[in-house]
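What follows is a set of notes on a single structure, which appears directly below.
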Amino acid sequence: PICPNGSGNCQLTLEELFDRAVKLAHYIHYLSSEIFNEFDERYAQGRGFIAKAVNSCHTASLTTPEDKEQAQQIHHEDLLNLILGVLRSWNDPLIHLASEVQRMKEAPETILWKAVEIEEQNKRLLEGMEKIVGRVHSGEVENDIHTPWEGLPSLQLADEDSRLFAFYNLLHCLRRDSHKIDNYLKVLKCRLIHDNNC
Amino acid sequence: LPPEKPRIIKCRSPEKETFTCWWKPALDGGLSTNHTLLYSKEGEEKVYECPDYKTAGPNSCYFDKKHTSFWTIYNITVRATNEMGSNVSDPHYVDVTYIVQPDPPVNITLELKKSIKRKPYLVLTWSPPPLADVRSGWLTLEYELRLKLEEGEEWETIFVGQQTQYKMFSLHPGKRYIVQIHCKPDHHGLWSEWSPEMYIEIPTDFRVKD
Amino acid sequence: LPPEKPRIIKCRSPEKETFTCWWKPALDGGLSTNHTLLYSKEGEEKVYECPDYKTAGPNSCYFDKKHTSFWTIYNITVRATNEMGSNVSDPHYVDVTYIVQPDPPVNITLELKKSIKRKPYLVLTWSPPPLADVRSGWLTLEYELRLKLEEGEEWETIFVGQQTQYKMFSLHPGKRYIVQIHCKPDHHGLWSEWSPEMYIEIPTDFRVKD
């Protein structure tokens, strides 16, 4: 870290902030994939959930880049705000995911642990992204991009198939959105820090 | 008789920008059969036809950049039609994010070096496959190498993460080794083929003087 | 007399989630002295006091998950106060990523093997410390092993990168060796303690037939 001589305050460089954000986003997506795969193997085999899980993520209304060109053309401040918006949109569902998974019949320890770990690390990444946006953003950090989640009742449905589908869909969306965040941060890091020469 | 049900064999993307699907044509009992690939994308009612039946050869459909989206589920079917009727394959759900299979790494070099304490070690370096744009950060590749003694049976496989260089420390002096490397997108996708076999001989005089 | 200047000795994090700082208390000339740890975060004027003086024992401050951020640099000082006055340590800057010191590797095994042409070699294998293993992909570790003849003086240290296995070729038949391994996060951070000493005897009949 740069510790300016004599001044009472050292500061992390933008590169260091991005390095940590990329590593953390990579880790969160790794966990999200693992928890999805474990849940899919244990609870979703043969239930045809994939066909139903189409276009039902609570963050679908956030228009995010869907290919390389879109990811490269979007202004970095807009992409940073989108990342913040997706992260904020997951705060609430992740809190409930962690508590609802604990209520599931013999939910394996590994799924339980991951749900709690993802919730904690997501909050941590949000803290870091707000710091990065604060550094990069000329103006005030935009706080409005955020999509509400009304999925809690479906996680508590009595009918097992519907309840399991609600979990499946939430984990499917978590895997997708965490992968987007991981990918966008890698693109932004290469663009802003390495001049597109990673 | 109308044709039997065709079957979509697989879909692959070599560089996370375009993708191709291949199908197994329906048995046509001698009548000339025509195949049509149809797809719809998550969140849209519209059904599209394959944009390009040519580029990737027979019984294939090539989706160029304009027709390729990520984090979106494609519902793909193939319909076989002859003069007696038609038959549709089962739907094939694809999110291109999960079907990326890159080409093998290139420019592999093997170099023998001596550490400060005269221990021999092997430095391997390589480059990502040319098609893969890792510079922009859109695609991030991970690598795995394997090596074995020329006359040996068992490969030793080592995952090296995103590095494009690796130092091998524990080598038999006087032996010949075979080395190969392959790669995969981080998180999702499939391992590439192994790179062509490369040979390296560890000189005997590398024996450490006790 | 007011107390002398206290000194912050070190700060360590076992897993990038929490961290602890220790200080050397000021010489107090017999008067009862009280120590207070204060810290501020980069870019913030606010000054906070140590959240927990107990958990990590005397003359220490423990920062739990809630108080640990790895997006900022901490500016930490310790103030010693007695009835005659007080004195403040020099500031100690802490970036949690740089002070990670993992626990040593575990499950170390030593196995003597004979290669195809009866050449003996020793295969060492080990596992990452439990905490790092669970967090794979988040805490990437590198390893270094050292060995020496039991009656020898000098350790031979070998860096083995991220491998969790190593083959040793040049060993003296009939001798006893001591082996230890330690690990470090791949970019920043500190070497762990050495693992407990392990012993291996190379049988005499392992004489190398050239």
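Going by the order they are written in, the chains are A, B and C; count residues from 1 in each one.
Operating definition for what follows: contacts are C-beta pairs under 8 Å (C-beta built on N, C-alpha and C of every residue); 3 or more make two chains touch, one makes a residue touch a chain.
Since the model is a prediction, treat every value here as computed from it, not as a measurement.
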| item | value |
| --- | --- |
| Per-chain Cα centre nearest the global Cα centre, belonging to chain | A |
| Chain located farthest away, centre of chain B as origin (C-alpha) | C |
| Interchain centroid distance [CA atoms averaged], chain A/chain C, Å | 32 |
| Whole-Å separation of chain centres (CA-atom averages), chain B against chain C | 40 |
| Intercentroid distance (Cα basis), chain B paired with chain A, Å | 27 |
| Shared-contact residues (touching 2 or more other chains) in chain B | none |
| Per-residue overlap in chain A, given as positions that touch at least 2 other chains | 26, 30 |
| Interface residues, chain C side, partner chain B - complex | 115-116, 119, 121, 140, 156, 158-163, 166-170, 172 |
| Chain A contact footprint on chain C (complex, rising order) | 42-43, 65, 69-73, 75, 91, 93, 95, 97-98, 135, 137-138 |
| Residues of chain A touching chain C in the complex | 1, 3, 8-12, 16-17, 20, 23-24, 26-27, 30, 120, 124, 127-128, 131 |
| Residue ranges of chain B touching chain C (in the complex, touch as defined) | 117, 119, 149, 151-152, 158, 160-161, 166-167, 169-170, 172-173, 207-208, 210 |
| Residues on chain A engaged by chain B in the complex (per definition of touch) | 26, 29-30, 33, 50-51, 53-55, 60, 64, 66-69, 71-72, 176, 179-180, 182-183, 186-191, 196-198 |
